[in-house]
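Sharing a structure, written as structure tokens. Questions coming.
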């Protein structure tokens, strides 16, 4: 079966050109001018549209027991939302508690996805305990196809590792060629500031940011940099929220630390004043690290545009306002964390970044897809449009206008952090390995087609 | 006429895949698996080899009156050397003296190249004087197809501009969408240190480096950054030789300055001890900024690998040891500056960078070709392998071994800075716009085929 | 004749203790507990008061032809104002134009002071041209008792030196053991920004700050640091107005540059919004570098408290609002620069610094007196209370309250930048070399007693 | 009883002048020119000599159970050595283990000193556990006269605190007005690197430095800075050994952290190559943080000279080569840490610092005495020569030459780290509160006269 996408403007992290894309089965096999459709081919006319490689969200949570509740999406709802938004691959975090066994957690998380996803997926393996047994299971898991770890410097006692564990996790990662992604905040300071604020009667969502100030994130980054340097380990800082944290990482990069930086679409367009909204609406804007002062945004945009910051993700973690966020009324530390953006990431960046002249179209593809594919061992299968790559393709109309709203989005969530935001640009067709998942903007995919993506270690 | 390159591993700044490349006339029109050769096609079997986009050297001097003599290469010799070394596009500097008229200089420099080059070429327009007449000529020149300026903070009195001129050059550049490349050294300190060293009897080539210490280059960079910031002008620092200078630029980038960094292959593999070689042999290693202490090399390699440094060039400027470099016996300030590397850049980086595991194969292409194409308005014509791009292609054998020597090189020069260096990797075939210029490692090109490349301003 | 100051709390840059101070003639000869007054002694009971060493203002202009007019004070008015405010020594700038002869300027400026001042004085020698003749005159002037130079990176064409002159000035300074004070702003950028703003119709005093933005000052500092490093010359940055400029100097200090930083009382308590006051009142707050955004003040206070910033001066330069500042109506570049503070510096720092808990009492003395005395070769004669030092003493009532006003101040000026500011703390008695100049807050001095202070080079 | 020191050159942190010093009982009561000796006075002619305030060593260990052995000095031997070397006040660390009770430890340590010391003394209170009981005892101890804490980020499990304890210690310190001194090294990295090195058969003393590399110290400093910032707590970094660690602290100071830096005489004149000496002699040079690469020394000297570094101490901790250091043969982690310098600090700094022109005579006094007195609440009793201060005085002959040797030193130790070093400058007479302790260089003190110095909190 041939899929032929004609007359589009093909854009990769490097290139932009007019051509037709010819796919056989799940794979791109030919790119050229004026390719003639063979009999029986599916032909899409992409005239006036972009053709992008499928986007990758390298930081999402689907199955997430957190603070006594569960995030709302399943792979059914999440993969649908992802695809409608142009994202064809998810990298979820496996987050076992300290007492869970890593292998069992891996199986469990995989089980939540397999056969239930319309898009492809893989996982970062959360390392939330490090001992001989954990180590041997981690080795198994890497052999089984996960080539990235996730550690938390925050959430000590729950997911967080101590410094000895951190040391050994990075040592193992280096030995195996695995990259380690890290949540960088000092756990103890956060815990103490939370106590202090609550004791002072500061209980609303607007106190979430002061309970994890920028310095606490900078401390986490500096700490990780030192440990990474000890092993020449490859590390990736998730959800970098502010200028000083990014600056620390770039200083480390300049002394030879192999570090990459992720930021989130939320930090680029929302800020700490959102969490100050009345009637507990601020709770919709609670995540960690928190939304920061607006002054950081220029730095983050600039970092994204210049490549100092590698990737743009979402840390998708959906909790309803009703019933879930509300658990934290009277105690902001009980507000489930997350500002869901899985469906909106691509369009918001296109609108506020590309259209606004802040990020060029190649960096747009790079930070939303290619960098993640390369860092996490998905490339060249994913992350690009090239002969031999998976036919994960997004036909994108740069002129389509729409308004983001919880009423219309596909995420299983009763609010949108971007409610009412007008955006330009929208996927019209999305293909996963050659098969249509979105047609004229509507989901037409198969909820069982998504595959677990085996990944090889690639950080040596 | 069809050119078909089969079975190679195609590498761009982003991609790496197995495919056949089909070119019609001067252009790549199709890339695919198992393309069948049409009758009459030229077919190259690239099995086991890389296919790279033609490399671009964004910083060369061919016609260069300097210190009372002339650099040795002509376009005939230089383009041949370039092509044998895999470089298919040259960007030369037009360096009028302060009293020359810009338009006349442009015509003169262009005249030295047109009809005499086997490879394509374009120019950075040296701005060595700024007044109303110069401004109006610069506007003409930009319309005529040059979209980059070159300024010297060094060489005051000769090429150098003063601060008022610098201010207005960058203002004009911003207005026209032109990028400004800059030689960053404080002219006055160099002049004074030279006098002082000579007065102290320090006359040998080993005193060249102390006459332009790192701090003088850092000063130049900081100075440029301030002026660029005033206009939000786009600037490009040529031949960055040391860590502190690069660090200044990266600090500026973080406060929003649009700055890119070039380093040279010489700085990566040679150091200031080479200029200390006895019997005046040190003079072969005199250029400005000078070769630095070895401690800078890790930083530069790391910067190149991580993309903090954008491009790798040569500042090619060939002066014979006999008769030319020797003019500076007894007075290092009279040694013509230059460490010619045009022919060797690609192979040395492949050998010391890619093979040594310091730079990955995509960054190799990126820093040698794609970045220069993008920064200087040559992309997507040049700098990539994509449908619609010029068929500038390098078939590269990664296993070929050779030894660099003046006896065998094609540059018109009686010495090689890399004499005796063993390298791995070598172009076997090179095509310029579809036509063979190198076959089995030997030049087979047409010395009149090279075209002047018109460029549009692209920095707004 | 004995002067005995009893029961005060003596404070120096290091010490604070209760004791009596015994002076014979012009000199402190004994400090002790319960000293008995000899017959005929003048006895002051300083119970409940501080006894400070006479304060030194190391950066004032008295005779100042500037922008076609003259600053208002003479030594008669200025020395009176200084003494009432606790300042017993002035260091004025000699500012010849480029065409003036240094020796003649020295004589002229000295002539304006000698026999007309109630307090002691000396001068920084402005180096506004450097050639063989200037050099030989500078050597004479250093022998004649001036051991500090002043250079301007700003005001090119008027007072400013070019880079070659800067190089040689610092070289000479190093050779002679002289410290060089420097006004650090890039002249050319300021000139161009001024033109541009005026051309855009931005003519009011509020445009003065944007015409010399922080980056322009930082550039000046970085530039000076590079030149100082070349000679290991000792340099002193006058009127540092903002955090980034100070940070540059502190980075340089850490790589070994011998640099000290001065800030002004104005920058600590006033900010750029003052220059935006309507009805041209903003012109009262025009000086260079300009008053900055408030966000810099914490840094400056902290730098002063911790000693990162050495001295607090005024850059006193009084121009009346009526008739003088008004020359710049319709063209802010014509507003004579200066925010006179000579009389208020000590009291404002005491009130806003010491009383507010921002600066301790020893640093108060240090930054207002001791550091200047040491840096400029006046110590131990001036700058401390010690046996053998000049009996320059300030008896200070920390509880006295007053309101600053042009109606009551002694400066020859029709406005006060601190009009209406309430301050705590005030000199009650001031002695210059043992003789009373202020008694119960009122001037009782002798307008001819002030001496020219010969200084020896002390920076080797 | 009157002590009169005549004709000396009195030097404090600020002053230098010729005068006679008159002491009554334990106190300086008068300073003046040509004071006449009363009947019965002890008169010392200090002509040609300096008179310094007694020096303070703010970081010594006398009673120190460590690694299964005890440091060699008692107060008898240590106070004698201190005094002969010009040090009149010791601040020792109380280092209880985690299971010890703070109050009991305080009593115990005080008991080791009281009635057994020839010089005055006080203690930093080691906080090695933080819980409700510890907190209440710490409050008692502060009331009992200790106004400084000591914490270890290193030595986790032994003395080290975890992050929650660190948070609360600094919170309490801030509340009480107490300064916290801190040993900054990441404990876990050191522990892991030690294991790894030993496992690799790297067991000699030369491996001590690589087991605690500079980055580990920098990490400790950055960590402390973050926690201090949370509370606006006042902190003091003990034994800063290298440039990057000091730079971190100075960056923090610039963002408002109240931090002071101590370095040690050892780091200024010894380096890591000493620990590489054959025949296990390297063990004599094992301490933590370790002696570093020589390249750090210029920075430290410069920091000391410019005041960026506040104090110079010794971390005195004497363990014999025979029998004690030797416990670590075959396992460098078992070498008792310490490079004893108590007796030599003053003379080595005078010789290598003042005589060599690296540190001026006022900074010499400041960093050896005044800064410690002020930071630790001993001033104005100690740390200066002023009316009302204790008559702790050192008459110092700047021309005396001697050679340091274990054969002649007074420390109870079988080796000297400075063996054979020739120094210029030596105390001839030392007085403790008016009483002679050293006469003509020989100890004449009273081993029971030293007093415990009560200190008031002074950091608010």
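Which chain is which? They are A, B, C and D, in the order written, and residues in each are numbered from 1.
Just so it is clear, a contact is a pair of C-beta atoms (placed from the backbone, for glycine too) under 8 Å apart; a residue touches a chain by one contact, two chains touch by 3 or more.
None of these values were measured; they are calculated from a predicted model.
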Required minimum of steps from subunit B to subunit D, each step between chains that touch: 2
Between C-D and B-C, the pair with more C-beta contacts: C-D
Between subunit D and subunit C, distance of the C-alpha-averaged centres to the nearest whole Å: 38
Interchain centroid distance [CA atoms averaged], subunit B/subunit C, Å: 51
Residues of subunit A touching at least two other chains: none
Residue ranges of subunit C in contact with subunit B within the complex: 162-164, 166-168, 186-189, 191-193, 215-216, 218-219, 222-223, 226-227, 229-230
Touching residues (chain side subunit B, partner subunit A) in the complex: 10, 12-19, 22, 29-33, 35, 247, 250, 253-254, 256, 298-299, 302-303, 306-308, 366, 370, 380, 384, 386-389
